[in-house]
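Next come two complexes built around subunit A: one with subunit B, the other with subunit C.
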Partner chain A sequence: MIEIYLRLVDKILTPIIFLIAIFLFLRGHDMPGGGFIAGLVAASAIELTILARGTQATRDRYGPWAVPLAGTGLTIAVGAALLGMYNGGFFRSIWLEFSMAGEKLKLGTPQLFDLGVMFVVVGMAITYLLRLGEAAEVAVPEQTRLERQREDRHR
Partner chain B sequence: MPALALSLVILFISAPIFWLLKPHRSLWFAWLGALPPATITVWQALQLPAIAQGNFIAERYAWAPTLGLELALRLDGLALFFGLIITGVGACIAFYTAYYFEGEPRQGFFYLVLYSFMASMLGLVWADDLLTLFIFWEGTSITSYLLIAFKSDYKGATEGARRALIVTTAGGLAMLAGMVLLGLHVGSFNISEILAAPDIAAASITPVALILIFLGAFTKSAQFPFQFWLPGAMAAPTPASAYLHSATMVKAGVFLLARLHPAFSELPLWFWTLFLVGGFTMALGGVSAIRYTDMKASLAYATVAVLGTLVMLLAFREKYAYEAFVVTVLAHALYKAPLFLSAGIVDHAMGTRDLRRLANLARTMPLVAATVVLAALSMSGVLPTMGFLAKELMLEQGFQRLERGDGLVGGLMYAASVLAALFMVAAIATLAWEAFFRRQADEHPAHLHHAPSPGFVAPALLLTLLGTVGAFFAGMYENLLLAPAIAAISGEPTTLRLKVWHGLTPVFLTSLAVLAVGIGVFALRNHVRRAFAAVPEKFSSLAVYDAIIDAIYHFAYRLTTVIQGSPMAPQVSVTLLAGVAVVVYALFFSTARTGVLLDSLEIPSIAEWLIFALAILGALATVRARSRLSAIISLGVVGITVTIFFIVFGAPDLALTQLLIEVLTVILLVLVFFRVRPDPFIEDDRRRAFRLFVAIAMGFFGFTVVMVNHVTQIGESISPYFLEKSYSLGKGTNVVNVILVDFRGYDTLGEITVLGLAALGGYALLRSPQIHKLRRRIVAARSAGEDGAQPVSAVKHEATEVGHD
Partner chain C sequence: MTLDFWLEVLLAVMAFSLMICFVRLYLGPNPPNRTVAFDTITSHAIGIFALLAMRSKAAALLDAAIVTAVLGFVGTVMLARYIEQSNLQDWESDEE
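Let's look at the complex of A and B:
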């Protein structure tokens, strides 16, 4: 029964949590938030899926993205730092400022770097959560269940 | 226009693009693949006249200006000479690759690494800054590793790759230390400035720096006693062997020595090290080549011999040595690459490249046979080829020394050259004869799968023809291409007049004798091979290397058993006590205590007291908990109170992070403790007392550190700077984030690298075979037990899971 409720929660909350993660990421440079926090929030959304649906379903959903994500993040971060070479050195920031619909917006290499940070955090979290979740699913409940069945049969 | 940087960027960008294009779909990608390197070759060729007149192209880019680091590129005669070989041969290899990997889905990945290597190698020879050079140097080591390990399901490939990586990067690190010594002494890492520094050869650090740099150059260029990694690298796909392990990468060490030659070659240390190491490597490699029946292994030892020759030639500061050096580099690239490519074609067509199983291929592959024969003539130094010119000049150098009465150097050089040359003649004659012309194979003759298409052979044939006729037309390029390279090596401008025919000189007669004796050895090849096979393996440098690696593994194992062999609690105690020891040392024995004592502590408010009490309660509950689950949850409570503290003190970013970490930690702990067996409850009072002591010590010293940090201040606080500059410099109002991603970006980069590595480690460790064994058992039990009706689905389930991982 619990699983059904959890699945419902997963269905409703997971997209919202991801949106929150994106929101936190985007506002990060000026208000509390940022890549690290956004990454953790996204990771908790994925953990919710694991708890509600198990690792296999989660793997089906995020699997192809999970493992390369940390490497992608690192590449993006280094790439953002390298872009700074254009502006006089490794890690020098470049900013584009423009206004759209009356709002002043800005885009810069530090934000790209932050995106890399977020990817690394999510990638690492998924890797551990999936692997450990798998181990926990397999090792304990299944084993005890099988043993119980065997005892039942003996009786 | 920044043409040099642009060329590197083109290659680096072509790499992923080619990967995404999936080039295995069509052979037309051969042309597209050859395009970027061919373009750069043409551009370089157009620069020849300007460079020959001394109008070098230099580009400098700031990297970390505050540290004085920069990326500096400079196209002088030597850089252009090597650059042309890299991109010219590279274009041929890129073309050949499409045929070699016809229809192979991983072809795109091969191109990715190949282009990355090409860019690194080009950057290496164009570099005008020692650290720039080092970065590209490591780039070539890593790409070489990926290419050797390309057939990752083959054990020899992964082992050979690891060996090559360990040897070359260990040498690279030694080299870095030497470069840093040189750079600090001169006050600049710019190569031109270092070479121009007065009295650099006489400086006290120079011998140490040189020996360290030699280590880098010798490991990279497979000099004795590091030569063993090169034959192991032959597990790489043939295009990589032809390109990296004969034409370009292995010459990086030689290139570095040539680069440093003008400043340091007067030193006796320089002369004797290069002369003896190079000469011995040349003799060893040349003699070993005939021993192997694998075509590529035989060619690899011949490459070792040539690399030894090049190192030996760089020992001298004389005209013939310089000329021999540049001609050998060029000739070797033009004959060895085609030989490798031909070996690859044979392998591709016959399914083997073992000489014992091959015979009479000239009938089925006449073009390949022609290529091999022409290249073999150049390699053995038969008259009109470029290889002949190279050998002639080298012998001339030895002869000059003899004539001047320097019997030791001249005699040694002459003897080593002749020995290496005649065995190489025998080895290449054996290869060409046995594979292409003899009637009958020794055992299990291989059969032709499919004949190679002309496009497959074309790149090899093109390179060979250049090498064969090149010597005739030396007048066209000797002062455009070779003389500027010699000028960069010797440090003085020079002109060149190469002659193919010198008349019946003693050197020419020696050359003839070498050929004759070489053919004699070829006739006796089976006896020679048997004699070599009797040499015991355990004196080889490979055996020594393996023993060293084994010893390191053994030591690591012993160390780990001592420190971490016990159950979890003692392990944690070791870690915690080590932390405490560091703090105690810092507090009581460190002399660097120049902090200022801040005046007072504020009295906390009631709300703070309440949170504080909650934290203590949580901690007590953790300790007193009866089950692990409740302990973990109580620990979570402690974490949440810390979060509340952050909120109270106005640090929303920290609070948010702490909260999320706390949630994820609780989940992770629960998951982890499913796997870890509980420690048995300890009845022994002494042990319990010890653990109590560890816990209290840790708590006390943690408290002390925080207190001391709070009431003292060392130096001036940097917080106001960050607060003030956050918006003006970092364009952000969230100071924490600006510090993380901008002001202290280097730190963050380091941290996420650690995170990424942790992810990789977790991925590898947690997919331990036990989990899979258990899972398979459960699946099997399930199909036999309750789900007995659907065994097929269970098996399918298992199969998908195994396939997935």
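Let's look at the complex of A and C:
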């Protein structure tokens, strides 16, 4: 079930997709992007890993992180919303402006909330993609039907 | 003949070509044909995104094109795996 070509693609493409996810995450709020979309793109990178390396290797790599990641994300999101209480109400945003070398960098609780959403989406996606992959591998035994047919023809 | 005019022409050509791809997706006698049609449709989507980004000068559409490319690739790989694991005999009998 592990393809050589797909493993090469996975080695090259997965870091690039994660970079796209980080880029989309950092651009959030004022322009297209944000935590949810970044989480979905990261989930597609993980799906590519599952397709290339099989569910067992992927579970060894990402499995222990999935559920704690979702929990941490939910905590961060709620914490970011509660931080807004300092500024007058639930979900009010607090912005910090840094200036470095003439460039302004704005960080605030919306970014923190987006980070939480991204963690929740990634953790949930890892869980269900691994479950789906395992179900598919149980449904089809190791030797695929196509290979079996080829062997039958050779006989 | 300005750039905008040729962008319109290219969009029209892409739209027509996309329509033909959808016809193949609808008619396609078996799953491999439909998979190829799906892959072609995602390529068309990327091209149309790029042309629209040029026409409206919206750089954000290029990100949509990148994400479409990634998701289209993963989708095609999943469909290919599904075809690999299925029974080819069923489709051969359909064509007769």
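A few notes on this one:
In this text, the second predicted complex is superposed on the first by the 139 of 155 C-alpha atoms of A that agree within 3 Å, B and C clash if a C-alpha of one lies under 4 Å from a C-alpha of the other, contacts with A are read in each partner's own complex, and residues count from 1 in each chain.
As a convention for this text, contacts are C-beta pairs under 8 Å (C-beta built on N, C-alpha and C of every residue); 3 or more make two chains touch, one makes a residue touch a chain.
Every value quoted in this text rests on a predicted model; they were computed, and no experiment measured them.
Using the contact criterion defined above for the overlaid structures, shared-chain residue A:83 touches neither subunit B nor subunit C, since it reaches no partner. Applying the stated contact rule after C-alpha superposition, one finds that A:42 touches neither subunit B nor subunit C.
In the superposition on chain A, A:114 makes contact with subunit B only, not with subunit C. Shared-chain residue A:33: touches subunit B and subunit C both. Of the two partner chains placed by superposition, only subunit C is touched by A:17; subunit B is not.
Shared-chain residue A:6: touches subunit C; no touch with subunit B.
Touch counts on subunit A: comparing subunit C and subunit B, the chain ahead is B. When the two complexes are laid over each other on chain A, subunit A has residues 24, 31-33, 37, 41, 44, 47, 140, 146, 149 in contact with both subunit B and subunit C. Put simply, subunit B touches subunit A in their complex at residues 61-66, 69, 71, 652-653, 656-657, 660-661, 663-664, 667-668, 670-672, 674-675, 730-734, 736-738, 740-742, 745-746, 748-749, 752-753, 755-756, 758-760, 762-763, 766-767, 771, 774-775, 778, 781-782, 785-786, 801, 804. On the subunit A side of its complex with subunit C, the touching residues are 6, 13, 17, 20, 23-24, 31-33, 37, 41, 44, 47-48, 51, 140, 144-146, 149. On the subunit A side of its complex with subunit B, the touching residues are 24, 28-37, 40-41, 43-44, 47, 56, 59, 63, 67, 70-71, 73-74, 77-78, 81, 85, 88-91, 93, 95, 106, 108, 110-111, 113-114, 116-117, 120-121, 123-125, 127-129, 131-136, 138-140, 142-143, 146, 149.
The touching residues of subunit C, counted against subunit A in their complex, run 60, 63-64, 66-67, 70-71, 73-74, 77-78, 81, 84-89.
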